[in-house]
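You will see two complexes here that share chain A, one where it goes with chain B and one where it goes with chain C.
Let's turn to the complex of A and B:
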């Protein structure tokens, strides 16, 4: 039997020996227990709009505020994130995204598929694009790699034509203030016809990037835009 | 990026060129392909005789003795265009493919299949394989080249007197120092093992040899497994060799691309070098990373020139190395500390199921008695524990008795500051994992190990830990206590080794 290794800490995985559980479960483990325990999985009760953990399922304060602003209301129907953005996930995502250890994305595959099937069947996935410069720098688009895992194929409907400075370095205020339009609709088969679009990205922080990405889609005929993200900070 | 194998007009030898550096009149033999897909890779050309491009010294300083990825360059690789075309800068694949699916990372030496992964690369619009083993230093893929310098080697100016250190060596130290100097001067590509007890004054023994090498304009690397050791050695070496360009490299250090003549580096950081050093000192050769991580041995070997002198320093040599060096008579023993006093011998103290007690927030009586005694007598101590979790549990318990006690472990963000504070005497005791087991000097301390029976405390680890005590000539008799829940072979062997070292005749 092929020896499996934990994707994150590269330790050999235990339980490689034949056992009934290993035989009967179709799930393939790719993390050791001590690593997979460090994920904080999100589940209801949470905010109906942004998946923030709450004591009962309703709309959270931030989302109420989004709904009241003139420019931003109604852009994003719903966001769901897989995990809470704790220190462990922060390190994992930064190794994935900035160091470029693409193999780590594999750990998100199972939960991502499950969430897609549970909440978003029938939607059209669209990964949030990177600018040309950023793509050249990284060599890959972290959202696209994740979108590949979904059971339906994604459509690259967006192009990012403004090269913004690294978001992770700006404060919340900086991000909220930006009223630029970094994303442009780009579809060879013409405008959309009322589809439900599902944006795919790595982190939901304030939701501004996702709302900015939703705008050109809605202007070009999308019915609704939701988002599925790895981490909710 | 994709590369081509091409012959520029008016020359005969093929060159690897980035696709974007190709001219219209070049004769293309192969490509454009990812660099790993090229067959019959050309060797670097003879150092070119044409005049180098403008500002070449900067590129020389950057790439000589190094192998860097495109993203590690402080400028875009297109700026190297004329250097590459003239042969001043050579490119070779970061990953080579030996047979189908047998990859070899040329930067870190990794050949393990499960430490490679593939992805859809937008640098070359193809599926690329990359090395996960050295990912923390930037991604090496089948389409990334490593850039090296292939022009004239910078000559380091020779100096008259470089050693400012005025101390004297004990006769034993002197003997070892002479052997080191001899080895450095005399023969090429030779090795020497210095087997010296903890606190023998290894660093000082190196000074005369270093002085010789540096005077002759040679480059010297001191590779050590731990960041703490780099931090401790830097000021000492700066004082000893004030006129020499000194670089200290560790994860997160600022002089990453600084070209020192004397380089102190953690072994991970030596991965960026290639054919750079005439003298390589490997400190604590038996320590954790070398034994388990073959890639570090690869890195050190790659950093050294082919005819470099290698000197190993350790208090606990591994059997194989010891035998190899004994055969060549390339081994020097230093079995006394520089102050001439014997090594402190560890005493064993039964501590029962201390772990269970600690989980319940209590400390075993034997240990708390020792602790109270230390506090009363005002003797400072370092307490070693088997894991990070135990360290924080014990710290919480001990803080109830004495508020200033802290713990430290490898990934502690304040590690540097805590060790510094303890050294300055700001707290009576420090709880630590094995990170402080080697190469760190605190004067006038006692040592305790809680849970000496744990697997992490191997014979050599325990010898090293015991060697932390009694290092000062003013206070040469530190106490070493192993609190245990059952004696292990490692503990007994450690004690035996120390006793036999103490019995051995000195020169």
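Let's turn to the complex of A and C:
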């Protein structure tokens, strides 16, 4: 019964305000009310393919464009993100990812599990890997840490060969144009047999990275590839 | 541990409940389940161990506490010496107070009957702390004599009182003299003078209200007003609640700061003033809770602790239970803590609401919802207009009336004249409110009768209410589902009487008089034969008590409500004697009655005429019946054997309605007050008449239940409905002899209290309230 503190603002959790949830529920809270209010949670109506908020559930313009391109169509069946990417989330993810506050990942545990159970039961989670250099620099793979939370264990089916320049600093056009293949299928047990693979990553911006990661999987026998991400920008 | 001290309260509550309630097994199972859940919640086995430990400790303490609560007196005592411990309550020619016996650690309740009006003033001035020597008669407190009824003995037991002592002024000796006593009796004397001052200065209509609001003394409120407040669900406004304490301490704090005192000093002063106020205000559980919590808050404010509100509440709960474990069973205590918990835990919900008005509405709704299971459990009824009435009246009381009463009370010490002008207007305003309340109260008032609920029902109601609140707080749509479950439980409780397939006949103990309730299975029909009635001797106006004894109001209606009965198909008035129809006036006013049966004989008594006119005014039909009429419901047949078609002009008693009922193969004969002549006629006119269960005529008087009649109808069982120690000495030994000689099993309400027969799965059962 030690005192719990908000993972983000470090205020004591059982503060001045009482609530029914705190009194009755078994849920472990790790954010205070005011921090948890700052999330913009995604929920339908949204784009059927990339979870972009829409006025009604259908395909968004971006996804239509993806479908029309020769190289990219049909690679990613569906992406779902937990939250919309806002300043608050940007700060949160950068603290987690770049400053190594790995405990913050706990915040995503509950919603991630819920979304997995709601939309992706039966899929095999695969975290998007980091290149060796990046892993060395960061010390951990943020996608792997998140994938740990899922109720089924993930499989490291991919390896990142090419050390790209930091993605988050490139523009949309840069990334769209990059026709490189950074990911390589890597499995000791041989090719896949039609499984539905679920890629796990932190941010979905244009979806290029995820599609690049889907390609080797599909080539090696995966039936479908979807993705579950924390943020949707 | 901050925010988690409620675990202490939960454990203490279970400890006391298991020790003192009669459902220890159920409660132990419940406690263990709750503890398992809590230790899962905290993912800690230590929590479980600690909870069990605290529960066991409190359990032992409660047992020890209860074990010490026993009397050292015997019923041979006829003189007592001790100190008055509270402000004596005056009611007509009765004065009552508690007396702390010297040398013995025991209190008794003294009741005095005043015989001379002049003596009243000396009792009025009888101060708490006074030392008295009183002669009189000692008696054990009355036990409940009816099913589901209020138990006065238990009520006094929980106040550590085991005897009542009766003194008649003038007949026995009594001498009292004031003594200078302790701090506590000094405060009680203040309270005494305050209460008496209100009686002198305040106008009649305001006295009761002002005493209730300032000193927590409710005994002076007119009985009709009190009933209306109770049944309409606004009685809490007459109790000094957290709201009152909040307003009083808020104003006091503000005044101190205005006087230039620092906040720290002000809170220190308030920490001493509030307990004094609690004692002056009568120290009811709700006051103690509010004052204790306020003191915790002030203490933490002063010494810069951060106090979680739930912790404050939990400490108060724990402290009060340790001080007096019986409080757990006190309605006011339960309501006070339940509602406080609900309002504190709903902070998140309130915060979401944008305007003050919406927050206030939400507070009112939540208080209603969370108190609903307890209200139904303790009072069996619930008023639908309680919510709108509270929304309207709570601000009126807290913003307008309470401050006015406070100001006028102090003003009348300084300038009685100015205050009397204001009091005049305030009284007018209050009179309007009270007239309005009694009006809606008499016109149904949206009062729903739920009947006696089980502990399981209360448990599940609370479970679903808490679930609904939690889901609502999380903005989940499933909250509506949980709320629907609560509603379904309410509907279920409302419908339970109609799901009960038992046939039941209850001989209600109304003292000297008759009152018999017949409920057919699934409430296909409900009949009430007579309603008792206490015959009063003519009294002078000063002798009249606020509430005349009325078995209709005090016994019959509460019993009907406890069974969840909403409607009576027939009310049978066997004849025009007050001990049969007197109690029915309230029954007809409060219940939905379809039809009243009255014997077809000339009506001569003015009292009966007034009664029947009232029945018609209430919109109820009257049928004047005679021999030869009959009706059946399903397989159950009823026929009327008396009065004759042409009345022979014998006594009222001989013209009683006699009902011969045949239910589930048993024959019952309800004879009213039929006497020898009538019995003779029945033997002659009905040679085939046989009966299994006979209600002995005329309370077992010598003039009824004659040997030839008993030999003719050959009953197995006979019930005599008479008052305990009645002044007619009913039942007569001859009647008992006759019945015993014929091997008839006798049940007596004067000895066994209420007697209930029921038919369940082909068998007949009988239960008596008091086993002899």
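FYI, the second predicted complex is superposed on the first by the 223 of 233 C-alpha atoms of A that agree within 3 Å, B and C clash if a C-alpha of one lies under 4 Å from a C-alpha of the other, contacts with A are read in each partner's own complex, and residues count from 1 in each chain.
Keep this in mind: contacts are C-beta pairs under 8 Å (C-beta built on N, C-alpha and C of every residue); 3 or more make two chains touch, one makes a residue touch a chain.
Note that the coordinates shown come from a computational prediction; the quantities given were computed from them, not determined experimentally.
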Given the touch rule stated above, what does A:156 touch, chain B (first), chain C (second), both, or neither?
-> neither
Between chain B (first) and chain C (second), which does A:10 come into contact with in this model arrangement: first, second, both, or neither?
-> first
Using the touch definition from the top, say if A:102 reaches chain B (first), chain C (second), both or neither.
-> first
Which partner does A:139 contact after superposing on A: first (chain B), second (chain C), both, neither?
-> first
Look at A:33 in the shared chain and tell me whether it touches chain B only, chain C only, both, or neither; answer first, second, both or neither.
-> second
Is A:74 touching the first partner chain B, the second partner chain C, both, or neither of them?
-> neither
On chain A, the footprints of chain B and chain C overlap at residues 3
State the interface residues of chain B toward chain A in the complex, per the touch definition above.
-> 71, 114-115, 117, 119-123, 130, 132, 135-136, 138-139, 141
Chain B-touching residues of chain A, taken from the complex the two chains share | 3, 5, 10, 95, 99-103, 135-141, 145
Interface with chain C, chain A side, in the complex: residues 1, 3, 12, 14-26, 33
What residues on chain C touch chain A, complex-wise?
-> 1-4, 6, 37, 40-42, 44, 47, 306, 308-310, 344-349, 351, 466-467, 469-470, 473-474
